[in-house]
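Each of the next two complexes has subunit A plus one more chain, namely subunit B in the first and subunit C in the second.
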Partner chain A sequence: MIVEEFYLLLVAATVAANCALIGSLLLLRKMVLLGDALSHAMLPGIVVAFAITGSLESAGVLLGASIFGLLAVALIERLAHTRLLEQDAAIGVVFTGLFALGVLGVSYYRSVDLDLDCILFGNIELTPFDLVHWGGLTLGPRAFWVNAATLAGNALLTTLLFKELKVSAFDPEFAHAQGLRPRLLHYLVMIAAAMTCVAAFSSVGAILVVAMLAVPPAAAYLWSRSMARMVVWSVLLGAAIGLVGYPVAYAINCSVAGAIALVSGICLVFAITLAPDRGLLARWWAWRQARLRTHALLLLTHLPSRPPGVALTELRQRLGLSERVFEAAVRYVQQHGLAERHHGRLIATEAAGRELADLPLDPSAQRADEREQAQR
Partner chain B sequence: MYGFIDFTLLNVLAGSTLLCAVAALVGTFALLRREALLGDALAHAALPGICLAYMIVGDKSLPALLAGALATALTAAACHRFILWASPLKEDAALGISLSVFYGSGIVLLTKIQGLGFGTQAGLKSFLFGSAATMLPSDVKFLVALALVVAVLLGLFFKELKLAIFDPEFATTQGYPVRMLDVLLTMLLAGVIVAGLRIAGVVLMVAATIVPPAAARQWSDRLGIVLLLAALLGGVSGALGAYASAVSPWLKTGPAIVVVGSMLFLLSVLCSPRRGVLARWLRERHTRLRIEEDHLLRDLYLVCEERGDFAAVVGFVDLLGMRGLTPGQLRRVAHRLISRGLLRSEPDGLRLTDRGIRAAQRVVIRHRLWETFLSKQLNLPSDHLHRDAEEMEHVIDDALLRDLQEQLGYPTTDPHGRRIPKETDQ
Partner chain C sequence: MSQRRTAATTAAIEVHDLTVSYGAKPVLWDVDVLIPAGQIVAIVGPNGAGKSTLLKAIVGLVRPLTGWIKVFDAPFEQRRAWVAYVPQRESVDWDFPTDALDVVMMGLYGQIGWFRRPSREHRQRALQCLEQLGIAHLAQRQISQLSGGQQQRVFLARALAQNPKLYLLDEPFAGVDAATEDTIFRILRQLRDQGRTVVVVHHDLQTVADRFDYVVLLNLRLIAAGPVEEAFTAENLQRTYGGRLTALAYAAETLLRRDVARESQR
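Presenting the complex of A and B:
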């Protein structure tokens, strides 16, 4: 039993890391929904393979799915390239059309009852029971090896072409001018995505894949400032979510894929609120600091630099600030050594003069100053 | 018996037509707001709502399931907007997140329902795949009401919606409630999708909101016309799909509708007169052919000019050498010019006719004037002139030609010292 659980965790972590890697490339190209589209677009390939081989467990199904995955990618790319419609609309048109063809194919070959949900997608709970044997040895679940192989391929692609991928994702025109081939790279990423999706769908099911393509890269995007860090964080976070998902599913007794999607959603909530620089809290804090500083500087402009200074109550009335805001501003100027307090009256220090001089308070006044200086 | 079948067919036809037309109407706005796939996320987000409603109510009563589906679909839309507002993530990432997390929680609820012994959950999931063939008269009545509501709302707020989707900033400054209009459009989209899910399934509803609008968009740039066309194309694909599936039983209604819609889309992308792929290809081909013809005429003119005799016969070998044409290419271009009466074929070469000389002059004048312009006005060195002029000679129209002549003071020679002919020269 323990071995099976270990296998399941292994598969979950591998698939999640693999999807998170490709997902971060897709995120930067604004194509996150490609995963969802591919999960539907592959159906006709599976039906054709089934019609030819008569079984759903052959390598033919993988091949058929790959061919139609690549076909979908090529159609989307061609369609978007005509600029006749937006990229997301192209995705929508292509995957619904291919899926409909697939469903018609299923109902045409009604010889077996094909449950759409089951033929399309594997089930992560079953992966520990489909093992690879070599000689007398058991080498672990097949899903692990399939996804580990694609992970290795994707990792190789990403490391070898990292610089090219980065430039072409952020600035395709510049990449083109530098002699790179941004369209070729775009195709490469989409092909890698298609192959990853085929490998992952057939072993763990679509919903887990779509969640792992979208969420860990998004969280990593919020959390990091460079693309290299984003990719690494995304892979690590994906693997971690994959590992946490199973215990959660076990605890609340539900589907592992659903639990993983749920856990990733919770992670994203954390990332959106807590991420440094780009998180809600960080941005709220930065906004508050900026407001406080603005109030403090406003206060300084009303402050005489010679005794007896100005009484606090008078100053507050003059500025028209609320008591709380005003006190915060007074604290700010005192802490930064911009003003001193003597017997309830506030006097600006020399530092205040320097601070205000650096500040383009009134653009027209500043221009007047410059003109004056120029005349001298 | 026959009458009964007819009645069923009529029901399905009317229902599919209405549903697809309404979905196309609301989908057009989503497409124009560049969030065509919002419907995809909304449709998937209905699953947890269906499960929750079933867990709370305890049976599969339709209004409860619909209300639950609508509630979570709208929550997902709100989450999507929140992610866009609260983070620098883009549209596609926000949609992918809402879609997968909501659908994933739906799966969790579904397995909970199984595990807790709520009875079978089979009916719940089939809610997402739909079965148009079993459309009831009550469904059709419901769809008529839905269509009326959508049409009236869109008609009432047409001007406001138009402004809000094309120029939200301006609409805001004009005091239009842009936020409310956004909510209205999202609610209509969610409402139509949830209403159609049970009948048509997730993927068909997504297709019905994207494909007809994308097709209609190819034919016009005016919102009103695009809307009407989208509704028409949606209705036509709904009717044709339903009819096809009634005729041959293995064609399921939903997918048949999508396939018809996809064909209409392909037709639009290929054949639209202004933006279509075919029209574009024809235009490009026309330009390419004209450039080839202009080049041959100018080559002939240059040889004749050198020999001082415009009635001279120019040998094929001379022409082949001038820009590395293959004999086949030369033959094809020459053939076109001969059939237009600009060239005459002689036993050992080609000769310009009078009309041909005038046509060649047109090209030569433009080429040499442009070289003069580049040299005089932009001070480019003389070895940089030819290649640019080679492209410009085809696109300078009469008005630009007059402007160039005026600007340059009617020059008679180009920077290389060659004579610029006059149009009336013979």
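Presenting the complex of A and C:
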């Protein structure tokens, strides 16, 4: 069974990486839902192919799905271009229309056993048994080759046209004025997305395709400071999720597709909490650090620079801070060499003056030294 | 301020019989205008007057119903490399994962050409442009973390990187403080003195008289166009803005200030 397991991992990683690549291009164009739309819009193509060939495993299904995928892309693009509808509305209208057509077809063929569940959820467990043979050789699962071919195409598109894709996603009007054909690129991305969905969906089902299109790019987006890094991280994360899915499925005894979706959900939660800069934890930490520093600087403004300094208890009362916050601030100024402690009294150092010089302080307010003198 | 070029030697932009419409109602009606080369040109008019639309028509972003436009005596398609277009700042997503330097580099993509990658020289060039606008220290900053005025300057740096003969700037001073506005105008004057043409969609009527050589007044149709001294009159402003009192009050004030300045020069 080892070979089959290896095949399964191979298919899962390829599909997930492929979807993650196209998904990141879609995310930057604010079109993540296109994947969802496409995987539904293909249904009539599948039904027609099924009606003609009588099977769901034929190349005809791929062809039918591709035709309707491209039709959906063309309709969405035409409709959005008229500006009668926004892009997202155009996507919504086209995919529900085509999906409805597909559902009609399915109910018409219900008697001939066209299983809607199988279309939506797919069956990645079966892919290792659908092998490609050439001469006397076994070349591995068909699903792998189909997805690897589209992955190669997508990778070529992304590397060759990287800067064009970037500028046309960021500022299409500017790109157009420079002669960089943003509409053509938009079409190319949508066609690539359609082909990716067709290839992926016939192996793993529509739901998983949508998850893989959306989750790794979203996580990578939070994690990255440049588009290049975002795309690379997205692909790596996609592949990793694909690889981890099977062992998890084995461990908790559920379907592979379910496990992959579960793992990707967990990844997203991690990304949202742990991402540098934009993550929840990073933001919370930055906020805390800034607050601590603010308290410390506030404390400095009340600190004389000459002996005997000021007693800690008095200082705390003057500032009106809670004990915990006050102690943290005292520790901060000492650690940063902004104040020194002599016999339980605190004195500002020279460095403190420089630090305070950058603050937007009210110049008419009395400095601590002057206050001290006035008190005497 | 350096001397103004009064006589236009060549036209940078020639718009003939231009009508543009997004739906049934035209937003630009039969516009005929010549924009002279080598000047700083203001396009003014109320919101929805079609100022942005005019710029978009020039760079082929909207297809006119009738009329034609020539840029330095040829269709825009043949003059792309000569023109830098800076859209309104709100027209892009500033959360895009990239930094300031990278955005400026986009100004060079047209020159670099399809499929090829920017080189180290391109980076240097982009950095110089950021320097010119005084924001080289922000080169590595994420664009989402720039202030509005800094974003505006990044956009201008991108236009500088293109090294064009004609600049088309859509509201480059929106949300920009007075000091930055001065810096930017100094750069625009340098560009003009090098013989380049700068067209600016502008909302601040008070600064038109001092800072521009030429003005185009627009409100769905062309109201007037000409050297500021001739075309920027109270009457033309009245026709452009209708009965809007605030706009007229501004205009009256600037015109008055200009007359006073002239008196004192004599």
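Following the convention adopted for this analysis, the second predicted complex is superposed on the first by the 336 of 376 C-alpha atoms of A that agree within 3 Å, B and C clash if a C-alpha of one lies under 4 Å from a C-alpha of the other, contacts with A are read in each partner's own complex, and residues count from 1 in each chain.
The rule we apply is simple: a contact is a pair of C-beta atoms (placed from the backbone, for glycine too) under 8 Å apart; a residue touches a chain by one contact, two chains touch by 3 or more.
Note that the structure is predicted; figures quoted are calculated from it, not measured.
Participant: When the two structures are laid over each other on subunit A, do subunit B and subunit C clash or fit?
Facilitator: Superposition check on subunit A flags a clash between subunit B and subunit C.
Participant: Go through the superposed model and pick first if A:183 touches only subunit B, second if only subunit C, both, or neither.
Facilitator: A:183 contacts neither subunit B nor subunit C.
Participant: Looking at subunit A, which partner touches more of its residues: subunit C or subunit B?
Facilitator: So, of the two partners, B touches more residues of subunit A.
Participant: What is the contact status of A:230 with respect to subunit B (first) and subunit C (second): first, second, both, or neither?
Facilitator: A:230: touches subunit C, not subunit B.
Participant: Under the stated touch criterion, which partner chain does A:336 make contact with: subunit B (first), subunit C (second), both, or neither?
Facilitator: In the superposed model, A:336 contacts neither subunit B nor subunit C.
Participant: Touch check for A:345: first (subunit B), second (subunit C), both, or neither?
Facilitator: neither
Participant: Which holds for A:221: it touches subunit B only (first), subunit C only (second), both, or neither?
Facilitator: A:221 contacts both subunit B and subunit C.
Participant: Return first, second, both or neither, reflecting whether A:89 touches subunit B, subunit C, both chains, or no partner chain.
Facilitator: first
Participant: Contact-wise, after the overlay, does A:100 reach subunit B, subunit C, both or neither (first, second, both, neither)?
Facilitator: first
Participant: Which one of 163-171, 181-189 or 379-387 is the stretch of subunit B that crashes into subunit C?
Facilitator: 379-387
Participant: Which residues would you name on subunit A as touching subunit B in one complex and subunit C in the other?
Facilitator: The overlap between the subunit B and subunit C interfaces on subunit A comprises residues 30, 221.
Participant: Give every residue of subunit A touching subunit B within the complex, in rising order.
Facilitator: 27, 30-33, 35-36, 40, 79, 82, 84-86, 88-89, 91-93, 95-97, 99-101, 103-104, 107-108, 110, 116-117, 207-208, 210-211, 213-215, 217-218, 221-222, 252-255, 257-262, 264-265, 268, 272, 275, 278-280
Participant: Note which residues of subunit B are touching subunit A in the complex, please.
Facilitator: It is residues 31, 34-37, 40, 83, 86-93, 95-97, 99-101, 103-108, 110-112, 115, 125, 129, 203-204, 206-207, 210-211, 214, 217-218, 250-252, 254-259, 261-262, 265, 269, 275, 277 of subunit B that touch subunit A.
Participant: Given the complex with subunit A, which residues does subunit C contribute to the contact?
Facilitator: Within the complex, subunit C touches subunit A at residues 22, 56, 59-61, 77, 80, 83, 85-87, 91-93, 96-99, 102-103, 106, 109-110, 112, 114-115, 117-118, 142, 158, 162.
Participant: Within the complex, which stretch of subunit A touches subunit C?
Facilitator: Spelled out, the residues of subunit A in touch with subunit C are 28, 30, 83, 160-164, 166-167, 169-171, 173-180, 221, 224-227, 229-230, 277.
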